[in-house]
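Working notes for the structure below.
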Amino acid sequence: MSGVSNLRDKIDAPAIGHECHSFIAELFPICRSITGNGLRETLARIGKHIPLNIHEVPSGTQVFDWTVPREWNIRDAYVKNARGEKLIDFQKSNLHVVNYSVPVSARMPLSELKKHLFSSPEYPDRIPYRTSYYNETWGFCVSQRQMERLEDGEYEVRIDSTLENGSLTYGEFLLTGASEDEILISCHACHPSLCNDNLSGVALATFLAKSLMGCQPRYSYRFLFIPGTIGSITWLARNERNVHRIKHGLVLSCVGDRGKLSYKNSRQGNAEIDRAALHVLKHSGQDFNVADFSPYGNDERQYCSPGFDLPVGRLSRTPDGQFPEYHTSADDLSFVDASSLGDSFSKCVAMFEVLEENRVYVNQNPKCEPQLGKRGLYRTFGGYGDSQTRELAMLWVLNQSDGKNSLLDIAERSGLSFAAVSQAAEALQGSGLLRECEPAGERARAAAREMVRG
Amino acid sequence: MSGVSNLRDKIDAPAIGHECHSFIAELFPICRSITGNGLRETLARIGKHIPLNIHEVPSGTQVFDWTVPREWNIRDAYVKNARGEKLIDFQKSNLHVVNYSVPVSARMPLSELKKHLFSSPEYPDRIPYRTSYYNETWGFCVSQRQMERLEDGEYEVRIDSTLENGSLTYGEFLLTGASEDEILISCHACHPSLCNDNLSGVALATFLAKSLMGCQPRYSYRFLFIPGTIGSITWLARNERNVHRIKHGLVLSCVGDRGKLSYKNSRQGNAEIDRAALHVLKHSGQDFNVADFSPYGNDERQYCSPGFDLPVGRLSRTPDGQFPEYHTSADDLSFVDASSLGDSFSKCVAMFEVLEENRVYVNQNPKCEPQLGKRGLYRTFGGYGDSQTRELAMLWVLNQSDGKNSLLDIAERSGLSFAAVSQAAEALQGSGLLRECEPAGERARAAAREMVRG
Amino acid sequence: MSGVSNLRDKIDAPAIGHECHSFIAELFPICRSITGNGLRETLARIGKHIPLNIHEVPSGTQVFDWTVPREWNIRDAYVKNARGEKLIDFQKSNLHVVNYSVPVSARMPLSELKKHLFSSPEYPDRIPYRTSYYNETWGFCVSQRQMERLEDGEYEVRIDSTLENGSLTYGEFLLTGASEDEILISCHACHPSLCNDNLSGVALATFLAKSLMGCQPRYSYRFLFIPGTIGSITWLARNERNVHRIKHGLVLSCVGDRGKLSYKNSRQGNAEIDRAALHVLKHSGQDFNVADFSPYGNDERQYCSPGFDLPVGRLSRTPDGQFPEYHTSADDLSFVDASSLGDSFSKCVAMFEVLEENRVYVNQNPKCEPQLGKRGLYRTFGGYGDSQTRELAMLWVLNQSDGKNSLLDIAERSGLSFAAVSQAAEALQGSGLLRECEPAGERARAAAREMVRG
């Protein structure tokens, strides 16, 4: 059993869920954006848990069709009425300022101010979240009730921000496994005080990385904490030559709410990660949803662009845009839930286990069944599930292991859980009845090494 | 946007429906058959709308396994009782005479006459339609009520017909498009006073041809107005060397009744025409039916015979044999409906649009998404549907255009309408983000031309 | 029409069902096991119906991973109480002794005896069936009521059995057809007084063989009457070089109860036998079940092991383990039913007919339809079903016979019964409109013969 299987066996999901929730609470007040010190501060705090590499990419750098934007920082912002009362105050919620607002310091009548105010009449108590990354402007977001309370008169408007050459920051951690083949875990870390979208993803990725560090996994795991869209584009532009190592990937987004789990297939649609996710969700006994790929959503849009077409899916609970708290001040600490975060953690580890353990074997005794009894395998070995399931799993593995079917194929055809099938394979391999097929890629590399030596 | 897209945009379906219905009314009284002057007269009237080529194929010509039959013409026919009263009169309905009846002029008792009378007890007021093309005989068709009114006694029977060497006539119109590749539209024009089967098909084909004439389409469109079975066999026998140009085809039959649209797949079952038809019907918002291919029906039987296996489907409303008015005098002018004819017309044009516009593109910026905003494509271009659909359609086209997926593939995967996808592709091509793949066939032809020159 | 088609036409299913039931009654009292005289006696009685070859394989012979066990024979067995009354008596039911019990002759108290007694509290009147082939021990099986009646005291226990070097016996009959290609029919014949499992299979195989003997079939039919598991392993080990001749196969097990028919697919899942079985069951008008392959069940586990992967399915009514009478004294003569046995017989013959007649043809007149009328094929030939079905079947066969589709493919696509399609093909072949494709294998053999001569 691999380290990841051991990890799955030992998960204390409620405890991990609470750790995630506390970390979200720690990060919540920071005003993040796609560049700037809020993002830097966030990455620094992640770096206290895992050895994160921080990359700084200068403003103006060309990344494929895009340009790294100027860096945005903000110290304060408010709107005061004629009596000098702060009616809108950045210090109370960083959502009040349209993200990437240019500096402004002016007096204006309500009619003029209103052109720069955004509210959401549908949910009159919530402050909406707005950005304007690629169009220089400024604005404030307020609840509908705040909006309605504003009286005619002159207002003092101040946004103490800077938009200057600087850099785009992202964090990266490569956990080196036995193989150079990688599993990519990506989350966006650019939203200000919003919890499900996407501090939940940030916290989950952090604690997944931390837990895997003790596991000596077969795959290498690459964790990316990046600003949405421009971050994944920047990373891909700088790492184009190595993306072939990514064999599987997951974008983590909105993984902390109380909704059921939802997996979105990669563009390939039937990649191993897609099948692993489906298997884990199907055997979870919980309600779940699997959606087809669409080029709308998070950074999977970039990983799955046709020039890369990486096998990267997305795990969410309620996906972005599908819960009414989305992109409003209601996506707060009460909206995310320790138990849901713990469950998301467990499912990720279960998916990693499938990927780690999914091998192709060849039955060494392919003509008729081997006599399990004389090897002590018949109704006499311990471990997962009851003895009848164990025996059935061994018969399935023996019957299907012709060098073509992987353990996941066998789990799918048999209807058994991957863990049952994988444990049966381990027992059979221990008895010499099964031999692992060397993967084609490794055979090729071995041959290449031979050639260099020869 | 192509001429056919423009045509689809501008269709005045009710007006076209009325034109079709008027043309059906004009053709209704003519006594057609698989040869003869009734068919010639019909083709002459079609020829007033479109530049029809009339072909005459001599009786006795071998066409594959068949022989062009002798030509049948009829001037008059009746049955008189002893008092000289015309009880059955060809002048009142040409359905009264069994089509292809040999001439007869005789007196006989009712008992003898009855061997040559056909009625339909199930629908006692309807005259059934009967033919005897390949078995020389004669007969009269009457309503059951007429039949029952016949009293014992002597009858004068006269059919003033000729069955002599002559020719089989059919009409053909090739509307030349930008390409030699053809779309075949075929309808049978051999039935006497019957409207849905198949003056509806004749009228629809006529007005489709007329409308497409102003469109400068990409494909060439070949329209055939032929007698059923022997007509398509004759045409195929005479055009065997050029049928490879037919890339898509539709048989039009029973397209004027008030039933829902019904498409019958080609033998290939997943040909582009089959997929285009399904797409158009699915996105119509109307109830519809798609049937698997079967070797029973109209001229698709010949086009889809295994030696040709052309991608030819059939469009109907209620298919032949599935409405009780079928092959009776109740298939009259009241049974076909201008609005249904107009709807059939619209759907044909929509299918042609899919075929015309269905291209394969390559995303010129395949690594990550291009920045639509800086090209003015983001929430800022006009045309079809709302802006979110437009943006989504662009993202789908960019994501899927890897040189393998056609626009129809993309429409199917995305669930968007073909028009939305096609318009997105046009916008992206306009911005240089998309390049059309030269079709394999055209590449081969270009190479061949080079060789000839070289 | 082939001999097997004639057989299907003439089946007197009730009569065959009664013959099967009588034969089961004749074999019922014999105490069979996986070796020994009970099995020999059973094969001798089968041999009165068909020319069976009896094979004896010495104990200790290595067969793949297994060893042929020592031969077990038993003369008598009982348990007497202190008063000398036989409370458990092998002569009353051979199920009372655990099959393969070593000899024992001892006195012991009830507490000691009970360690060797097996009963089934769930069904207190039934004697369970138990074996211990690969673990030397002894035991008695009793009904729960018998168990409860046993009083404290001393018991005399005697099993007069032998477990010595000898041989494993099985019966084999090869009915030679026109081709060397074989259809395998296999049943296990090792169970003592149990009827559905599997005297029903033994009787059905016997009468299938007997009936096919007069048929001059195209395929050769190989019938195996073997002990379960070790028998099929032994046969495969001794016939490894010839198993490539097996093109289709059926394991017959539990085919006599009143349940609906149930077919279990081969490991291949879409083998011709799988499709033939599905076709026959689908067109039977009766309820049925088709199960996916699983490596659990009868001898199909060996035939479908990955080193052989033979296209062998399994036909049952209620499969083993799925009826409560399974492996108890309630699986007796009243549990199997003549009418069910007759029905199982009919379905096997219908499946064989599909396999026998399933050929690939080429339409000799592939361009347009041939004129059926001038060949007298149009609404004028007799035989199966009504004339419209006949005509439709001819059109389907002509349309689909392009050298790729078999008659079973055509039956599946058209929805017509295989018999209708096959009869249409016969009529068309008779008119010269169809030519059979020589199978690839026969072409290769003919070429090889040429080479040898040349």
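Here the chain labels run A, B and C in written order, and each chain numbers its own residues starting at 1.
As a working rule, contacts are C-beta pairs under 8 Å (C-beta built on N, C-alpha and C of every residue); 3 or more make two chains touch, one makes a residue touch a chain.
Since we're looking at a predicted model, the values are computed, not measured.
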Taking all residue numbers at the chain B to chain C contact, is the shared part over half or under half, that is, same or different? different
How far, in degrees, do you have to turn chain A to put its CA atoms on top of chain C, rounded to the nearest 5? 120
Chain B to chain C: how many Å between their CA centres? 54
Residues of chain A touching at least two other chains: none
In the complex of these two chains, what residues of chain B are touching chain A? 363, 365-371, 373-374, 392, 395-396, 398-402, 413-414
Partner chain C, residues of chain B touching it in the complex: 63-66, 134, 229, 232-233, 236-237, 240, 267, 292, 294-296, 301-302, 304-309
